[in-house]
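Given below, in the form of structure tokens, are the structures.
There are two complexes below, and they share chain A, which is joined by chain B in the first and by chain C in the second.
Up next is the complex of A and B:
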């Protein structure tokens, strides 16, 4: 895996991501990059389902939100260290996804896509009514929770570095899966599931595994992100719009590629930041995102990377 | 006992309107295998058309019903050419994303124009009293109009040449093309019909309840529940599915806090999908 230049490229990019704001001590840059990093994690893990296995998951955000809730609950009630808590959240959410995936992955195509919307909304409504997690008002952290990390200022930097680490992990996970027998099986499922099954790909097991795998890193990231925010509540934790924006990013960069989702997420986040801060455009952020998605779907379904690969076939070796 | 009965009857009345919305969704799916994720936004257009007709033009609220049918049909055909035509026959991801993109644009424009604050159009209709219970006139009128529009759709699909063409294209597009049916125009028309149905159901819903630019999402999800209950791709089933959903809502309301109803709906939705992965809808789609 490490013989090819690609994984080293990711390590170097992640180091730049982590170190540049740290050494320039630029908090504004950190916050903007943090959002971009979170989106990269979401888009990249979504790519495992959409780009590889060909299953559209509209409700990917449910993993992020659930991870956040479990982590914050453990931190506030159990006084567990945030790193341990977010890892526990990741494992728990993956396990739930595995169980759930076994059920809803019997559905195909559009039916699966609809069911994932249903799962997200059902979980959101459940959490609204779930008193131990604070119901509709959610969970707040007190400042004491940041003490084990050396105060709130230090904690913010820690969370940033850890989320960048997760971003790199997402990319490497995508890379490792793509270059494995498992990944080959998934791509076969994405192209023609019945043919893949006939050729001996254990489709049901692979689909459940990838659904569960695509839940782990977003759940951990959710834990860290909401710990950093200090508050979690159902509407922001299970925001269907964010989930779908992740699909826009994925399509913008190029689904099925490894760098594409990261590239798309980064560009989209910067674009969004620009739109939100430009006065006469701030109301039209959603309109522009929608129009962008429409144009990509109609005219460039391969996204930016797909377009590059077509123009310069040699770029495939470097930009996977 | 009568309390439950009244609530159930009201549920059925509202359910007929849900059924009408779902018919729009299911017609488009049945004819061109596209799940229209702009459905919710189109329902919202119907709602705001009512608002514009009543407050900007000062006309009677029910004028909005035929107006929306005409406007929805034209708008649907335009949408077909912008967003749907190029993705027909492609993987589902493409049509889902394409229609969702339309949804984002419409909701974005709506939010910029009307913000997300609630709107209400009061419609005065005499209520019907029975013993100590009253049934709101608007609910009865909306249910009757929903059933009449559904009946008109049935006549169009089963008793006209155009309807025959639509059914032929739904059945087998290549064969229909070979017999000389202009299938692309038929698809555009079917999309227009679907959009008109969704829009007019939005208009009817707006005569019953307050609404915001973002209300569409909730009704879109209800439409999904209904289509899954009634069989995706089956317009008659959609009306029955709508009534069934209304019945469930009506029966659940007296027994549990309102907050829990969405949990039940989505739970039912997922269970239905899983229990009948292709089963109940497979008679229109292989």
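Up next is the complex of A and C:
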């Protein structure tokens, strides 16, 4: 795995991501990059489903939200360390995804996509009515929760570094899967599921596994992100809009590639930051996202990376 | 020769249509069996029952001593049955080599990725697509895609190959090349069950022929016996190609 240049590029990029704001002590830059990193994690894991296996998961944000809830619950009620709590959340959400996946992955195409929206909305309603998780008001952290990390200021840096670590892990996971037999089977499913089955690909098992695997890192990231925010409530945790934006980022960068989703997420997040802070454009952020998606689907279905690969075929070797 | 595939009384119904009706047949090791019949006789459905796309409603299918009745397609593939589809099913976005690598990875030998790629490369070469290894499968011509179906099925290193009209849509030169390839495959010890409409080809390739009509077996025997069978001639009434083929053989 480490013999090619690609994984080293990832490690170097992650180090830059982590160290530049730290050494310049630029909190503004950190917050902007943190959001970008979270989006990269979401888009890149979504890519495992959409780009590899060819299944559009519209409700992908449910993993992030559930991860956040489980983590914050463990931190507030069980006084578990946030790193342990978020890892437990990741495992738990993956297990739940495996269970859900076995059911809804029998559906195909638009029916599967609709079912994933259903899962997200159902979980949201469940949480709204679930008193141990604070119902509609959610869970708040007290400042005491940050003490094990040396206070709130320190905790913010820790969360940032850990999320950058998860971003790198997402990229390496995409890379490892794509260069494995499992990945080849998934891509075969994405191309033609019936033909893949006749060729011997265990389609049902592979689909359930990738659905579950694509839940793990977003769930851990959700735990860290909401710990950093200090609050989680159902509307923001299971926000369908973020789910859809993750799909836009994925398509923008190039679905099915490894770096594409990361590019797309970064560009989209920076664009969004610019739109939101520009006075007369701030209300048009989603309009522009929608228009962007239309343009990509129509003119560059391979996204930024697909376009680059077509223009310079040699770039495939470096930008996978 | 010992029996490789034994199909005993399988049936399948689609709504009011009895697609396959208590059909039995056997394929011995190293044998080529032709499966012929008029359009809608249920030939492709027989393949779908054998390789697990549909479970049969009655009957048993035993392959190499293992009962595979009702097993899902991926497990049937793992047992050593590979298939080339009538309507080509390339994994269009993947390269020719990757298509065959999928076949080798998930076929009978369950190979790791690296070895699978070597087997795939070998099969692609044998089938005559060696110069198109890195092209996307979707960009091949019809004849190319037919070859790819075959190369991909062979990459699984099967013991039995189900060939569904691999000659359909090919021009005479391509047909000749494909027939040579089929002979080469049999020489390699792989048994073949083939559906074909081109009578000249099936008459010259098959050791035995099974004739289907309305889902049931109408006749079985050597190409000569089948061509002279009055029931078969009645079912094919007006099909001069069969008559002509019978005269030649």
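Rule of thumb we're sticking to: the second predicted complex is superposed on the first by the 320 of 320 C-alpha atoms of A that agree within 3 Å, B and C clash if a C-alpha of one lies under 4 Å from a C-alpha of the other, contacts with A are read in each partner's own complex, and residues count from 1 in each chain.
Everything below uses one rule, namely that a residue touches a chain if its C-beta (ideal position, glycine included) is under 8 Å from a C-beta of that chain, and two chains touch if they have at least 3 such contacts.
Just so you know, these numbers come straight off a predicted model, no measurement behind them.
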Once the two structures are overlaid on chain A, check if chain B and chain C clash or fit side by side. fit
Figure out whether A:312 sits in contact with chain B (first) or chain C (second), or with both, or with neither. neither
Once the structures are superposed on A, label A:113 by its partner contacts, choosing first (chain B), second (chain C), both or neither. first
For A:8 in the superposed arrangement: first (chain B), second (chain C), both or neither? neither
Scan A:103 for contacts with chain B and chain C and give back first, second, both or neither. first
Where does A:195 make contact in the superposed view: on chain B (first), on chain C (second), on both, or on neither? second
Any idea whether chain B or chain C touches more of chain A? B
Given the touch rule stated above, what does A:140 touch, chain B (first), chain C (second), both, or neither? neither
Answer with first, second, both or neither: which of chain B and chain C does A:274 touch in the superposed model? neither
Once the two structures sit on chain A together, report how near the CA atoms of chain B get to those of chain C, whole Å. 12
Same chain A residues contacting chain B and chain C, which ones? none
Residue ranges of chain B in contact with chain A within the complex: 29, 33, 35, 82-83, 86-87, 90-94, 96-98, 100-105, 107-109, 111-112, 217, 221, 224, 228, 232, 257, 259-260, 262-263, 266-267, 269-270, 273-274, 277-278
Listed in rising order, chain A residues that touch chain C in their complex are 179-181, 184-185, 187-188, 190-192, 194-204
Tell me, which parts of chain C touch chain A in their complex? 51, 53, 72-74, 77-78, 82-83, 85, 89-94, 98, 101-103, 105-107, 112-113, 116, 152, 156
Hey, which residues of chain A end up touching chain B in the complex? 50, 54, 56, 58, 103-104, 106-111, 113-115, 117-119, 121-122, 125-126, 128-129, 240, 244, 247, 251, 283-294, 297-298, 301
